[in-house]
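A, B, C, D, E and F label the chains in the order they appear, each numbered from 1.
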Amino acid sequence: MKKFDHGQEHRDDGMVLIQTNLDDMNPEYCPYITDRLLEKGANDVYWIPILMKKGRPGLMLNVLTDGLLLSEIETVIFEETTTLGLRYMPVSCSRLGRNFEKVSTPWGAITVKTGYKAGKLVHFAPEHEDCAKAAREHGIPIKQVYEYVRAIYISQKSL
Amino acid sequence: MKKFDHGQEHRDDGMVLIQTNLDDMNPEYCPYITDRLLEKGANDVYWIPILMKKGRPGLMLNVLTDGLLLSEIETVIFEETTTLGLRYMPVSCSRLGRNFEKVSTPWGAITVKTGYKAGKLVHFAPEHEDCAKAAREHGIPIKQVYEYVRAIYISQKSL
Amino acid sequence: MKKFDHGQEHRDDGMVLIQTNLDDMNPEYCPYITDRLLEKGANDVYWIPILMKKGRPGLMLNVLTDGLLLSEIETVIFEETTTLGLRYMPVSCSRLGRNFEKVSTPWGAITVKTGYKAGKLVHFAPEHEDCAKAAREHGIPIKQVYEYVRAIYISQKSL
Amino acid sequence: MKKFDHGQEHRDDGMVLIQTNLDDMNPEYCPYITDRLLEKGANDVYWIPILMKKGRPGLMLNVLTDGLLLSEIETVIFEETTTLGLRYMPVSCSRLGRNFEKVSTPWGAITVKTGYKAGKLVHFAPEHEDCAKAAREHGIPIKQVYEYVRAIYISQKSL
Amino acid sequence: MKKFDHGQEHRDDGMVLIQTNLDDMNPEYCPYITDRLLEKGANDVYWIPILMKKGRPGLMLNVLTDGLLLSEIETVIFEETTTLGLRYMPVSCSRLGRNFEKVSTPWGAITVKTGYKAGKLVHFAPEHEDCAKAAREHGIPIKQVYEYVRAIYISQKSL
Amino acid sequence: MKKFDHGQEHRDDGMVLIQTNLDDMNPEYCPYITDRLLEKGANDVYWIPILMKKGRPGLMLNVLTDGLLLSEIETVIFEETTTLGLRYMPVSCSRLGRNFEKVSTPWGAITVKTGYKAGKLVHFAPEHEDCAKAAREHGIPIKQVYEYVRAIYISQKSL
């Protein structure tokens, strides 16, 4: 699958960071809006607690998206949030090559996501969903699953 | 009044976002500085709690302004805050068409701010100052004023 | 005036800290609610950004009050916020002796609030409202007013 | 159903607030830990970003629980997080009487949660899950569903 | 050494949590104050960003201390911060049994801190200072040192 | 020394702001990473608490750097943090002219950092390290050292 070929370390100059400050929105909507934006194709969505004028605690919505989706993402933000305006700026992204590998554990196979820079492994991380599932099903602490998967991965790779 | 004609949905590419990190300023100055910058013509001013070097909790001042005011706004920031340097980047803004309408309530007329995208109403919100005044004068919870104004507005518009 | 006699360093064991987590309230209400609670006699009101269940960013309202006002303050919180429940715990307060003194400046007299522990000055601070007023009326940076008032106070007291 | 009888406004003095500061835990675990604690019977779980010693940004885990569950909840915290110690204090809770009512909408029935103090309605809120489901299935903004449900509820109750 | 005997899991009911809200203090003082309080014997010191009255962003200082040190710690807070008052409440602490073990690595011996509940290992963590030193001296990423130490510890213990 | 000549007020258009969101990194690494990046030549490094997808509390790393160092700084971020990608945008910086002056105090000479705009002093601040050292060695509160140094500086300059 082309997308996860670890040769794919790359730079992308056509990204846009959209921001809007919300001081009058029910914060209960936030996770729903995050999901809606990710489904529309946003690369990342996050919220920052801020202090706005008139002493109001607010939330800044941040959406990182491919510039080609800008108009579509803007429409979702205007429809779903209470904003009257948003701002955006062009950004470049640097991404590691990525790969997914499987590690065998007593609780079944667990995926490890890896990151490569110039062909060299610089990061690996057990996939959360797999670990959470194993922890739940086998009644063991989630941190223990992570630790174990990491230790196996390291020994397999002789890191 | 041209400014609130709801045909005025627009994009503005000449905006600038100014940021400066403050780790040695009396935070008591913040609301005063916010007011000063808004009076000078800044479009928005907000503060973000951050963690700076040497383990210091700081505040990042953010000012969104028309690029034409950049120099004047910079002067205020240097005079009023404790910063020795600031950074800025060009940003574009998308803004809904905006309008103001009145809603009759048992506590007097209350303004509703509306937002239009491509001529379609996508947002409306009771004006805070009007609601706060009504709540205070009539001894009713502010949330009740908001709820009531919203309900009337919806029924009037058959939304 | 008894209240500001600096002999008044004291401990108060009848205070209560009330907290409630809000994940579905328009944050625009916050400053209004703060004012309402202070007017009712609360000693202090502050808000903390928190992360609540289901991935919701929320705000924790904190109200410090004399235990005798607990029931009245609770009523305001239930009426004005969107909470369905709140929690509280008894707290003790230690307070410095406090005094107010005047300092002459080129921009008029400015009040300095002082704090005493066992009769010894351990803190002094120019009053914000006075400094802000002087800064506005005389067109000087607020930090300069503070600095100046502090320097005069120190030299007067030979601190 | 006894639990939702709106006569049930009550005070509960046997609650405990448990806190622990974490500066060395993968924050990816947080939502999982929140769920685990709620499943064990905790009344509320929330996280606060803090600044710890040595300049470390940390997270404070807060768990509100019935005192009878203290030991069980403690065990989960020690097993699932990276803490070596936790603190707790007794708290009292005041809770509104609560009820659930249904409102008919063009998108199906939606539940409204209500809060009563001394028999008087002081709060009502559309249930998030119902609104999110309606918004998704019918392709309408979530804020519009909330507004509509609120308006209907108000008109039905002649609030 | 008695203190690190892992039989020492214990509960301590004589602790106190001291809090004070600061809206007019140079945040540059914070790390210094943290160190001063720890040197005086405080068990933990942390800071929380809050929103105070008049729209001011503030910092809440939290100090966890043995009740026997309360008066001494209070004095430091009054002398070093700008507060005019503080609040405190009694808290109980539950602490795991703790131990320190050494792990051999290609970069020298590194300490692992362990936590025991009812005699069972529930947590272990490489000591930060040791890892940071190894990372610096050998020019390897700090996360790699941690991962390696964890993997060795796990394999040694057959966890 | 050219760098601190107060004629050096300047604008720098070749700066870059790098950001990356981390939801799976041990926050204990943060101060170490800050130091590593500053040693590599970054102009500023700071962290912002954010709320990421799936309800995860995360930290956004921000690095301000000269564009010429972009590649080198990126390498450190990829090696030391757990990120799989980062984003950056070009920024311009405005900096005051800066100078350092000495002030004599009963506790030895203390440096004051000054900022000039168009040749006019707009800011001065006692150097933290000097004040902290004096406070420790002479057993006086740090705020008192700052106040004293400020007062002397003001009287010397007849500000």
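As a convention for this text, a residue touches a chain if its C-beta (ideal position, glycine included) is under 8 Å from a C-beta of that chain, and two chains touch if they have at least 3 such contacts.
The chain lineup, named per UniProt: A, B, C, D, E, F = Nickel insertion protein.
Computed from a prediction, not measured in an experiment: that's the story for all the values here.
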Any chain that touches subunit F and subunit C: A, B, D, E
Given subunit D and subunit F, the chains that contact each of them: A, B, C, E
Interface residue identity across copies subunit D, subunit E - same or different by half: different
Cα superposition of subunit C on its sequence copy subunit D - rotation in ° rounded to nearest 5: 120
Reference subunit A; chain at largest CA-centroid distance: C
Comparison of C-E and B-C by number of C-beta pairs in contact, larger one: C-E
Candidate from A-D, B-D or D-F with the same interface as C-F, over half of contact pairs in common: B-D
Distance from the mean Cα position of subunit E to that of subunit A, given in whole angstrom: 30
Touching two or more other chains - residue numbers and ranges from subunit E: 24-26, 28, 30-31, 34, 47-49, 51, 54-58, 79, 82, 89, 122-123, 128, 141, 143
Touch list for subunit D against partner subunit B, complex: 51, 54-57, 122-123, 141, 143-144, 147-148, 150-151, 154-155, 159
Complex interface listing, subunit A residues touching subunit C: 23-28, 30-31, 34, 47, 49, 54-59
In the complex, subunit E residues that touch subunit F: 25-26, 28-29, 32-33, 79-82, 128, 132, 135, 141-143, 146
Subunit C residues within the subunit D interface of the complex: 21, 24, 48-55, 58, 60, 74-75, 78-79, 82-89
Sites on subunit C touched by subunit E in the complex: 15, 17, 30-31, 34, 38, 44-49, 62, 64, 89-96, 98, 113, 115, 117, 122-123, 125, 128
